[in-house]
Amino acid sequence: MKLTTYSTDQAGLQAFYEAIIRAHDTYGPVEKFGKFDFKKVNSLSECDPESPIPRTMSVKPLFFPKSAKVMKYTATSAGTELSDTAEDPLAGKRVILGVKHCDARGLQVLDAVYKWDYIDTDYEKRRENTILISPRCDQAATHCFCTSLDYDLETLDAVDVAVINGADRKIYLQARTEKGETFLKENATGLTSANGSAEAEMKKQYETFAASFRLKMNYQEINERMQGQFDSPTFEEVPSSCVSCNTCAFVCPTCHCFKISDEKIRDKGVRYKSYDSCNNVYFTLMAGGHNPRPVKYRRWRQRAMHKFVYYKERFGVNLCIGCGKCTTSCPVNISIFEVVTKVASSMQE
Amino acid sequence: MARVGVFVCFCGANIADFVDVPAVTEEAKKIKEVKYAIEYKYMCSDPGQQMIRDAIVQHRLTSVVVAACSPRMHEKTFRKALSDAGMNPYLLEVANIREHSSWVHQKDKKAATEKASDLIRMAVAKSIANEQLHEISVPVTKRALVIGGGIAGIQAALDIADARIPVVLVEKSPSIGGRMAQLDETFPTLDCSQCILTPKMVDVASHPFIELLPYSEVMELDGYVGNYKAKIKRKASYVNFDTCTGCGACWQKCPVKVPNEFNMGIDKRKAIYSPFPQAVPNKPVIDAEHCTMLLKGKCGICAKVCEKGSIDYTMQDEIVEREIGAVVVATGYDLWDPSPYEEYGVGRYKDIITSLEFERMVSANGPTGGVPVRPSDGKVPKRVVFIKCVGSRDEAKGIEYCSKICCMYTAKHAILLHHKVHDSHAYIFYMDIRAAGKGYEEFVKRAQVETGATYLRGRVSKIYKKGENLMVRGEDAQLGQVVEVEADLVVLATAIYPYKDNPDLARLLGISYDKYGYLSEAHPKLRPVETAKAGIYLAGCTQAPKDIPDTVAQASAAAAKVCGLFAGDTLKKDPMISTVNTEFCTGCQNCVTVCPYQAIVTEEIPLGHGSKEMRIVAKVNEGVCQGCGSCVAICRSMAIDLAGFTDMQIINEIVSI
Amino acid sequence: MDYTKQIQDIAGRLFSEGKIDIFIGYRNTGFDENQVPVLIHQYKDVDQLLFTDKSVFNLANYLKYEHTRNKRVGLIVKGCDSRALNLMLTESQVKRENLYIIGIACEGVVNETGEKAQNCVECMMPDAVVYDELLGSATGKREYQVNADIRELDEKTLTDRVEYFEEIFENCIRCNACRHSCPLCYCAKCCIDQETATLFHGANTTSSAFHALMTWSLHLAGRCVDCRNCEKACPIHLPLHLLHKLNEKVIYENFQENLAGMTEGDRGAFYKYSLSDPDDFIL
Amino acid sequence: MICKVDKIIQETPDICTYRLKFRDESLTEQFDWLPGQFIEFSLLGSGECTFCIASSATRKGTFDCSIKRAGIVTADIHRDIDEGDEVGIRGPYGNWFPLEDLKGKNLLFVGGGIGLAPLRSLIQYAIDNRNQYADCTILYGARTSADLCYKEEIEEWKTNKSLRVILTIDKPEDTWKEHVGVVPKILEEVVKPKVENTKVITCGPPIMIKYTLLALDRLGFAPKDVITTLEMKMQCGLGKCGRCNIGSTYVCKDGPVFTYEELKRLPDEF
Amino acid sequence: MEAEIKEKIVSMEKPHMEAPPDWQPVIMGILCNWCSYAGSDLTGTSRIQYPPNIRIIRVPCSSRVDPWFIIKSLQTIADGVLISGCHPGDCHYISGNYYARRRFLVTKKLLNFVGFHENRVQFSWVSAAEGAKFAKVVTKVTEDIRKLGPLHLYKKENS
């Protein structure tokens, strides 16, 4: 496949970004409380597309917001009226700058569940209308292990436009999807075409990047071994320092569990769909008091197994993408990498 | 199934003139849960109530909202209407559209109407969350415990017993009588204290409904109103009261002499003793701290002289238990120790005595046979200086409050001194004369006129020895100059002060006490006899300084409270009390801390279903809880809720407008 | 401040004498400089333990979980941690006889950038107040100082503060990590956990976040020991300490209260009162 | 979809059956379901709950949901909903009893308490298609006689010659004339079912299921012939929210009807 | 004039938000049963007039008021909250209002800190005999809040 590629320099890239921000509904990583998070931006100075990993949140909230209105209703003695919520603020055409590859891969993984059986039209629409522009990582962060999970930068269609640092401060912009290609062509003002010429440089950039990873695992082996590890005692040991804070699930680019809650004031109500976490004790608590996962290690087991076994079993892709956000955010730095490798290796003993 | 009926009252013109009642009714009908709404001229009238009753049956209502006057006015009326229709009365909510709307917004009918609608909407929302509640009945043990056998305890015991309610009267000393037995004559009538007290003491001893436990102390009190269990220690008296005749042979022969507490240590008593001749019961006890037989095993004279063989040196303290329903605490008062008044030479000069010592001396049955004498040389004093407010009203050295009785008894002492020593002269240093009471002011006047006592307004700054006599230097504020009075005897009107062990007693009973140690009443104005703990009442100086009439009045009041409490077989209580959801309770016990009634206790329940491990949770004692909701607001896990004012009900109200 | 050796010795001794079932301490992650809490069950693991100025997390938090309940636990507490522990003892959440407490006379821990953390700079009681064994030399109670951020915000106008805090509540994702990482939030069913929150409404909206955080901070008013576990746990890095420090300041200035958890038996400002509490704000 | 509550039947002190019909009657025709499927039932303002449909689509016009007061929403439902009120529903969701597999087989229904609700749907279906199935036996138990659901309908079933109905309660009661004893015991001692050509459909409280499965095992039933429906916390019913995951299985999509054989393959979580 | 505008800006939560012309403040009043509610009844029986903006909730004691009632009120319809109890020492339940007083002070300061004007949440002691005081308090609170304009902070979507 031929990939449309342009080359430019730093200034050109800035101009490219600025043009996008002027012309489109644009989101980008904005610094909040010392960390970067995706927000709507009106000028390039507000955001930093190149901001380093790890960031707090992924782009997930822009597709699956922390709390979304499902419907509104009014209930009076005259009857109950349902009304759809006002226009979805995330459904319009938009561009997201500074998306890291792992974030984008996370969305790809999510597509599997959202497009399975019942199709979440809101999500689908948001996906369709969004262009992801992704500066490639040059250096792995402490807890990154995406290369091990086959979600490396060579995966093609996760992002729409990839931004790659080449040699001599050259920057390549490469369309990775059809959507991206159309977009890039439309916005190519000021860029130089570099079709086909930069492959080697990009490959080299990737290799240096891949070499910077400290964490590596053999995914195939781990996946196979984990399958038989449901009853592994290691699950009881490893996460004992977990404080069940749910942070991991909330920041995870692929965690998609949610809950539905109503808010009713006077006779008007709104139904929301909000993030939830399988680490939450109430997650599986049933009316009447039965709870299949009352203790922490069982919930942790569900999380680890879901990330590394179940999802793959069901949808053919691994749910964990190795971005390391959960580990970074975890107040006690429990590493899912450590947990699964330990569980997988415990079988041998 | 929420089926709310709304009944809007015109209240004649009271509501209808300023609130558009039909519009309010229409508005109420729009609420989803309201299945029936109607207006009527007077909802509280018989036909109005009949409308409610009919609608409840006809429309299968699950709760009722009456929009009318204040719930403080007719809530009971409408509750009754509900129960007459077979509905739980607590499913009623009243929307106050008269006091809170029509009467206070008379100039703006539109706004008043809107507000009335909102108030109804709130009441409807609340009523949906109303639960069926049932009046709580607590069984009652009809027996009262009176702690303290002074005049307060005696009066309370007699009043309660006269209502044919059994009373247990506990007195720590060998005889009842208390402070009043120590007095000579009482103001303002100068009748003899003993003469009016002893008949009452005898009544106590012979009353079929009074169980007198002298020489005893309450050790423990468990339970709650109507259902207390008291453990009472009967101190070993070493005398078998059943056989003893009180002949007195033992104490006449006893060789050990001990300062006599009853006479403020002016004379001596024996180690086996009865505190005073008219004691009730008039049986001696052996003072184990001084009896040589008990201390060293030598002597045994009393046993030898006792014809009845009533002396038993092997007797032990005994704990008796009594089930009781109410407690009257009447432990009386102590005297404040005046030793901080160093400038007076308290402790250094023998001829400075307290007024109670003076009282004993002038008493006909006192150690000096009714004539005051100087402790130093036994001479009869001619010039006596009385100093009032020793300790009282003195923030610097003593206490802030006024001891209330000193003005009166000092006047009395002046008269008594005049009666006993005709050529004597009394000098009285005072700050103010507080003589509010029937015949009191007249009495003070009488003292001044009859005795010619010199009342000097001012503080005493120093007392020093001059020869055999004492020089009292003070300020005469009226003349604005320093005066010095030579005195044979100085009498200090020391402040009334609670017993040192009052706080212990308060803790034992679970009631509160103030910074001095006086036991606290539930409300200083409206509930002066009750304590914060239901079923425990106060009488006499244990609560605050009082004179005899006040003490007796309060004792009778406490008795009336006890009788009222025991009027039925069970206590009926409003069901609006706190309940604990043990599933949510963390056992932090903050609710126990803030509950003003000690109504919350803890219990242990299994950690999980069938678990052997236990955890602590709070438990509300239905009999004690008064339903204030303090515990609910501080409960972080929302484990406690207040029936009738649940979180759900209040939040429903908040979000409904 | 490095008590690694002493702690390893004590933990080793406790295990070999059979006095404890679990030891809660710190270890290195093996990935970076960060230290993480570790729960040790046997003697052979004690050499993992260490303690330096990077031992930040308040370990008292672990005493609220089911796997330490009714076990004999040894743990390390710094000044603030020990005050949290004291409150847990007062509130009957742990039994003193089950604990072997290594108290630290703390010299302050460092933040992410390696400077002494703000709460340590302003710490009023760096020494452990409840312990079986104290490491380091106690320096005693210090002067109360108003938190620097509070002072700064207090000077701002109301409008500015509104903007500042709106951002905080807007960004909160209501993961409840703050509540879970707080040792004093031990309620089995928390009133702000969404699932039980019929009265609180569960959605992760800004208004819910506001409600939850306000309620949470008021539940900790007079109890918060400023260990900042919550802030460390917050994935959004919201300055949660502002709410607690403001409460602390109001309580300290108006009720002359001691700091939370200084003595066992002291439940905090909301569970007692004084007749002379300020009345001037009431009409 | 908005439904009106047509009728509320108080089955037991804490179970009510809500007979629902669509406010918009045109939906009645479109709404079709098979025994075993469930719906999401919402009381607006309180929340949503999952309930199985307790009646058969062969009896059109209305459908039943039996709701036991257990949690917050169900308590609100019991408290707030009145006949004529409107509620929201979504569905039907989930799989259904393997009707084709059951054809020509003997059916043994084993239900306990509220667990009869999903079975009732299939029982009604079987009654209405009686010729498709061989012997039908219903074993139904509850703690006390007051806790038995669908009392009137059970009386009807009893008069139906083609059904064998066995009732039991846990402890003896004065006026009770049927069997006494827990369901697994009665199953082994009274029902003594034939194993051949028989499918067992069971639903009830977890403890009953546990011992019933053991009893069935002893009676010689193969796991594939035992069918049960699982209850699991669900929220979306669409295979999205992740609550009902047991391993890689979504109870809301792949279930709630499972054979014992399938259950055995799932991680041991419920 | 300028100073006045400046004053307005610093004392308002959202100075740029204008009140609609027919806007009326809504005030949630939470009154204790024994003193303030009785006092408000007396206001009624004495026919003392006050602005009709307050909506009253009865609770047994001011100590029943959990701070989140205040928060909830502010998040839904209310533009301000007035809580009233017995004077210190007069509490029907002995000490309830003392506990409440502490909580109220902290709640008020905290709300003010995060951006609510201090007049949004007010407290008063009104005894059963102070019908006139109740009217005065309500009038003052209503006017205070009217000056502040509608509350926009952290409102629920559907309020």
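In order of appearance the chains are A, B, C, D and E, and numbering begins at 1 in each one.
Following the convention adopted for this analysis, a contact is a pair of C-beta atoms (placed from the backbone, for glycine too) under 8 Å apart; a residue touches a chain by one contact, two chains touch by 3 or more.
What you are looking at is a predicted structure, and each value in this text was computed from that prediction instead of being measured.
Enquirer: Could you work out which chain's C-alpha centre is the most distant one from the centre of subunit E?
Expert: Following the centroid criterion, the farthest chain would be D.
Enquirer: Which pair wins on C-beta contacts, A-B or B-C?
Expert: Pair with more contacting C-beta pairs, A-B versus B-C: B-C.
Enquirer: Using C-alpha centres only, name the chain that sits farthest from subunit B.
Expert: Looking at centroid distances, A is the chain farthest away.
Enquirer: Report the chain closest to the protein's overall CA mean, measuring from each chain's own CA mean.
Expert: Here the chain at the core of the arrangement is C.
Enquirer: List the centre-to-centre spacing of subunit A and subunit C in whole Å, with centres computed as mean CA coordinates.
Expert: About 32 Å, centre to centre.
Enquirer: Would you mind pulling out the distance in Å between where the CA atoms of subunit C average out and where those of subunit D do?
Expert: Centre separation, subunit C to subunit D: 49 Å.
Enquirer: Based only on mean CA positions, could you tell me how far subunit A sits from subunit D in angstrom?
Expert: Taking the average C-alpha coordinate of subunit A and of subunit D, the gap between them is 40 Å.
Enquirer: Taking each chain's centre as its mean C-alpha position, how far apart are subunit B and subunit D in Å?
Expert: Distance between chain centres, rounded to whole Å: 64 Å.
Enquirer: Counting only residues that touch at least 2 other chains, which ones in subunit B make the list?
Expert: 32-33, 594, 634, 647, 651, 655, 657
Enquirer: Mind pulling the subunit C residues that touch 2 or more other chains?
Expert: 196, 198, 201, 205, 270-271 - these are the residues of subunit C that touch more than one other chain.
Enquirer: Among the residues of subunit A, which ones contact at least 2 other chains?
Expert: 75, 259, 261-266, 269-270, 276, 283, 285
Enquirer: Under the definition above, what is the set of subunit E residues touching subunit A in their complex?
Expert: Against subunit A, subunit E makes touches at 76-77, 156-159.
Enquirer: Mind pulling up the subunit A residues that touch subunit C in the complex?
Expert: 32-35, 37, 56-57, 66-67, 142-143, 214-215, 240-241, 243-247, 249-251, 259, 261-263, 270, 272, 274-277, 280, 282-283, 285, 295-296, 329, 331-335
Enquirer: Can you name the residues of subunit E that touch subunit B in the complex?
Expert: Touch residues, subunit E against subunit B: 24, 26, 28, 33, 37-38, 40-41, 43-45, 47-50, 52, 55-61, 63-66, 69, 72-73, 76-78, 89, 92-96, 99-100, 103, 135, 159.
Enquirer: Show me the residue ranges of subunit B that touch subunit C in the complex, using the header's touch definition.
Expert: So the residues of subunit B in touch with subunit C come to 583-584, 586-590, 593-594, 607, 613, 616, 634, 636-638, 647-648, 651.
Enquirer: State the interface residues of subunit E toward subunit C in the complex, per the touch definition above.
Expert: 9-15, 67-68, 71-72, 75, 88-89, 95, 98-99, 101-115, 117, 122-125, 137, 140-141, 153-157
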